[in-house]
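There are two complexes below, and they share subunit A, which is joined by subunit B in the first and by subunit C in the second.
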Partner chain A sequence: MAKKSINSLPSTTVSPLIGKRRSILFWITLITIICGFLIGLKPDNLFSNNSLKLATEFFKASISPAIDYENPVEGTEPFLKVVVESILITLRFAILVMSVSVPIGAILAFLSTTAWWPENINSTTKKSLLRTLHIIARSWIAFARSIHELIWGIIFITAMGLSTEAAIVAVTIPFSGILAKIYAEIFEEQCKETQSMFRAIGAGYFVSFLVGIIPSALPDIISYTFYRLECALRAAAVFGFVGIETIGYKIKLSSDEFHYQEVWTYLYALFLTIALLEWWGGKIRVSLNSKHV
Partner chain B sequence: MTKPDQKKEAFVFDKVQHCYSGVPALEKIDLKINEGEKIAIVGPSGSGKTTLLNMLNASIQPTNGRIEILGKDSNLYSPKELKALRSNISLIPQNLALVNSFRVWQNVITGSIGDYSFPKLIKNLFAPSEKKLLEIHSILERVGIEEKLYSVTSTLSGGQKQRVAVARSIFQSPSTILADEPVSSVDPARAASLVKILLKVAEEEEATLLMSLHNLDLAIKHFPRIIGIRNGNIHFDQSPDQISQRQLEELYELKESEILQDG
Partner chain C sequence: MSKENQIRRIKELHRNRSKSTIVRFSLLVLLAVIAWSWTAKSLHESLISKEQRSVNLQNFLEKIIPDPTRESGKWSDSLPWVFKNLHDDGGLIAGLMTFGLATTAIWISGILAFMILPMASKNLATHRPLGIMVSNNKLTNILWVIVNRVSRILFLFTRSLPEYVLGFLLLSILGPDPWALVLALAIHNFGILGRLGSEIIENNNSETPKAFISQGSGRFNSFMAAMVPESFSRMLVYYFYRWETCVRESTVLGMLGIASLGFMISEAKAGRDFDKMIVLILFGSLIVILGDILSYWVRSRLRLDKS
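Here is the complex of A and B:
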């Protein structure tokens, strides 16, 4: 056997990692330029006179957000009260969306994952039933996710009229699909040893999954659910521009009248809410992770 | 002399072979294990100890040959019978397979997961009776970690976790105990005491005990029957006083390919 000296690596012409990365970078840059060209981007649009002026005004307003209407009208509610109310309405929208999406997502995740399946199923009817459910759940999840909530929104608002209910259904469809996909992935990433040990001492496959997989999956599940709540909040705000009475609606009204200081107050309030959610979610994550050293 | 029909055969291996994707891990194993026997399984890493243990609760089926478990071919158990069989066979796997976010008492409860109905399991996991907790406490006393009753399992040391797994196995009150390296992470004194505890439990419950061990001295000192496995074959199967020094040396001898070269 040929003896190799300790300090020499096997020789190749190029260090493989760097070579590969360089070509990936090259292709990404090229594709970006081609896409920009195909879409017809004209970067000078960004700097045309009018848009530059508006942008300056808008960003100037950011240092002095409004604490009252820029153009007060007799008999309207105080501005800050309206801000707080619109935040609460937006939160309510997001929480409603999540409280429907999470259970639906969990059920879809369970149906779409093979993580709990018995290792060898002898009955063919049972096998084909599981397979069918699996395929239906997967297809539905893929379909629901592939369409953005705004497009679902347009469909439902056209069908049901402009109502909060229609908007909530519209957001719930893709959200439950995305939650299901991520939950299923989290289930499948967990170590299977505890689950198979429970199977080996006589537990059924559902119980083995429940006790062997869910506890270790829980921190990731909660963490991701919080992130989705944040997304739901943003979606709620966006639906304001369609006319649903969330904070986005107020932003649009102020913005249409060029009241940029008011816009900034709303934006800061939204930012504060998301920061609070983030902080709260972080606290829960830490307390769960301390159990998962 | 014991009459042949006095002791019932718990496990009978008949030319059992097991392959993982075509590569044999066990080859032509013939073996008889009576109810209530206490057996240590020794052998080098990768010799097939874990594979052998996992065949005893039909988690792994033979590729060739057959295994009789309590007089019945392991392939012929219906799902229901298999569940009943398995809930009587406890397992302490090499990796312990504890639920890390559970408290110690909850992990002990999961020993009976095969016996409980779903509502009963949930009740016991989240609202156990005082009596259950006392029972668990006394089992933890036996394995010497009663002060950890309410601790979160992930905060325990490796050796303490092994004792939780032993407690879980005792809580199951099985008729067979399969223990795969149950004492690898504890110091020598505690390893010996843990082995003795398992032997004592098996003695009191008249349970069959099979334990794989890397520590040969423990096996020789405490077990009446020792099975040595090498390369998927039974190298010896005797009582400790019959095993020769030569056989022990052969058991752990390195294969040519395993000898690490330096420089």
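Here is the complex of A and C:
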């Protein structure tokens, strides 16, 4: 009898040496090593003498960022003024991009989400119209997102020549797509209770979406928009490499002359701007969230 | 309630709604900044005249039609040409290169971020981990504040550097080696993964890690044995989400001069082979969409595991 009861005890499973999590990590690592091998990454290339020397020089410069030109030329504007100006141009570019992308993204998000759709649509024409709009918006978003802003930039610049407008349109296309995708996801994650309550007391579909979904989605939407503004700032810096005179342009010029201390000043300036944005966005988010409590 | 009372009540409710000075102030600043950026002088004085621009555009639109189609007028004739471009000229290999760069880069940043992120999470790197007082030594208290601040700033700093700029700088240091691009992607994503990861740890409210620490376990053990197993799937979800953006980013990094898709695109542009350029761009977009689908599939499976 005693033996039987021991046998019927639930057997505790001994965890295997390579459990599920470890095997996932193992496969990821294996695939990564194969990839590294295929693209020709050689560990000793990283530590070749020449690159080590340049790297130490580069990182040494990080301790003492330049406050004046390393090779001053008479008659040029003071260095720090140039740094501030390039930051302002970068910020302007980012804000121009965002002020176009956010409205377009919001409209695309509205078209691509099902959050405001009536629960049962009677007429088939209405239904198919909504469906087509939905599919068109979704495919446009996927397509716009899948091409990098710099490639859109190259297309527009080769087609129309280098101009600020071309660059802004180029960044706006993928950014409005990404914003639309995230906005739509946020709309769909919200609790539907308020919306259905408004519907029940007779409000229209649009109005009940406006008062039932958007207010609760707002904190998330704002913090994502701030993150995108940060990305727009980085995109603006990158567009310096195709000729718009943002901070990236200055970084390229300084780096081409091996003035690494100047490069670090620009990098720190970019960092401070982004840190400031992050702090501001955090403040807004906290004050919006505390309202709900 | 009479009609008047109703109106009065509505007005009262409206007056008493919650207001936030910071939100209002931010709105004003935002509007002012938008107005400034639209009205200030042009960012780039274009040297090209309007006529030249429309000639350029016409030229471009003519040239993006594939060569065989331009000759015969049939789109089906271009299919072998597309195949030749992608297969014989190395487009497919360049596409694989894009995946390879992204995969290695995200692995490096994942490992590094994982090592630093417990130090950046506010609830662990303090003298009171998870609200439990473990020591009351002034010096160690200050030390923990410094550790936390430094690691957070490290994440923010690396995050603020764009991959493309990093790639450019690293190529000038390391020379034309795939390491430059991999490290560029890895450094930026290290900052992002670290921040996202430390947020996961900060939002972990379960009792197990607390029990660990109150029983005398250290921060590291409590992190490894109680927090990581609980949030493993969520961390992997972020890992794959960043992998997806790495794929997107590495399609352009090649433009800096390493043989990959971006390099072929800029070469086609320089040679004014606009038709080839468009084919390569569309191929790149296909790769990004493939990456998206793959990562979406993995992430949705990971989410299922969690529940």
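Just so it is clear, the second predicted complex is superposed on the first by the 275 of 293 C-alpha atoms of A that agree within 3 Å, B and C clash if a C-alpha of one lies under 4 Å from a C-alpha of the other, contacts with A are read in each partner's own complex, and residues count from 1 in each chain.
The rule is short, and it goes like this: a contact is a pair of C-beta atoms (placed from the backbone, for glycine too) under 8 Å apart; a residue touches a chain by one contact, two chains touch by 3 or more.
Predicted, not measured: the structure shown is a model, and the values here were computed from it.
Overlay on subunit A: subunit B and subunit C clash in the combined arrangement. In the superposition on chain A, contact is made by A:A237 with subunit C only, not with subunit B. In the superposition on chain A, A:L54 makes contact with subunit C only, not with subunit B. Of the two partner chains placed around the shared chain by superposition, neither subunit B nor subunit C is touched by A:F226.
In the superposition on chain A, A:M197 contacts subunit B only, with no contact to subunit C. More residues of subunit A lie in touch with C than with the remaining chain of the pair subunit B and subunit C.
With the shared chain A as the reference for superposition, subunit C clashes with subunit B in the stretch 131-139, and the other listed options (5-13, 23-31, 41-49 or 131-139) are free of clashes.
When both complexes are aligned on chain A by C-alpha atoms, subunit A residues 288, 291 touch subunit B in the first and subunit C in the second. Residues 1, 3, 6, 122, 193-194, 196-204, 206-208, 211-212, 215-216, 218, 288, 291-293 of subunit A are the ones touching subunit B in the complex.
Contact residues of subunit C toward subunit A in the complex are 18, 20, 22-23, 26, 33-34, 36-38, 40, 42-44, 46, 48, 52-53, 56-57, 60-61, 96-97, 99-101, 103-104, 107, 156-157, 159-162, 164-165, 168-169, 172-175, 177-179, 182, 229, 232, 236, 248-249, 251-252, 255, 262, 265-266, 269, 274, 277-278, 281, 284-286, 288-289, 292. Those residues of subunit B lying in contact with subunit A across their complex are 54, 57, 59, 79, 82-91, 93, 95, 97-102, 110-111, 113-115, 118, 121, 125, 152, 154-155, 172, 261, 263. Touching subunit C in their complex are the following residues of subunit A: 21, 24, 28-29, 31-32, 35-36, 38-41, 45-46, 50-51, 54-55, 58, 89, 91-93, 95-96, 99, 142-143, 145-148, 150-151, 154-155, 158-164, 167, 230, 234-235, 237-238, 241, 243-245, 248, 251-252, 255-256, 263, 267, 270-271, 273-275, 278, 280, 283-284, 287-288, 291.
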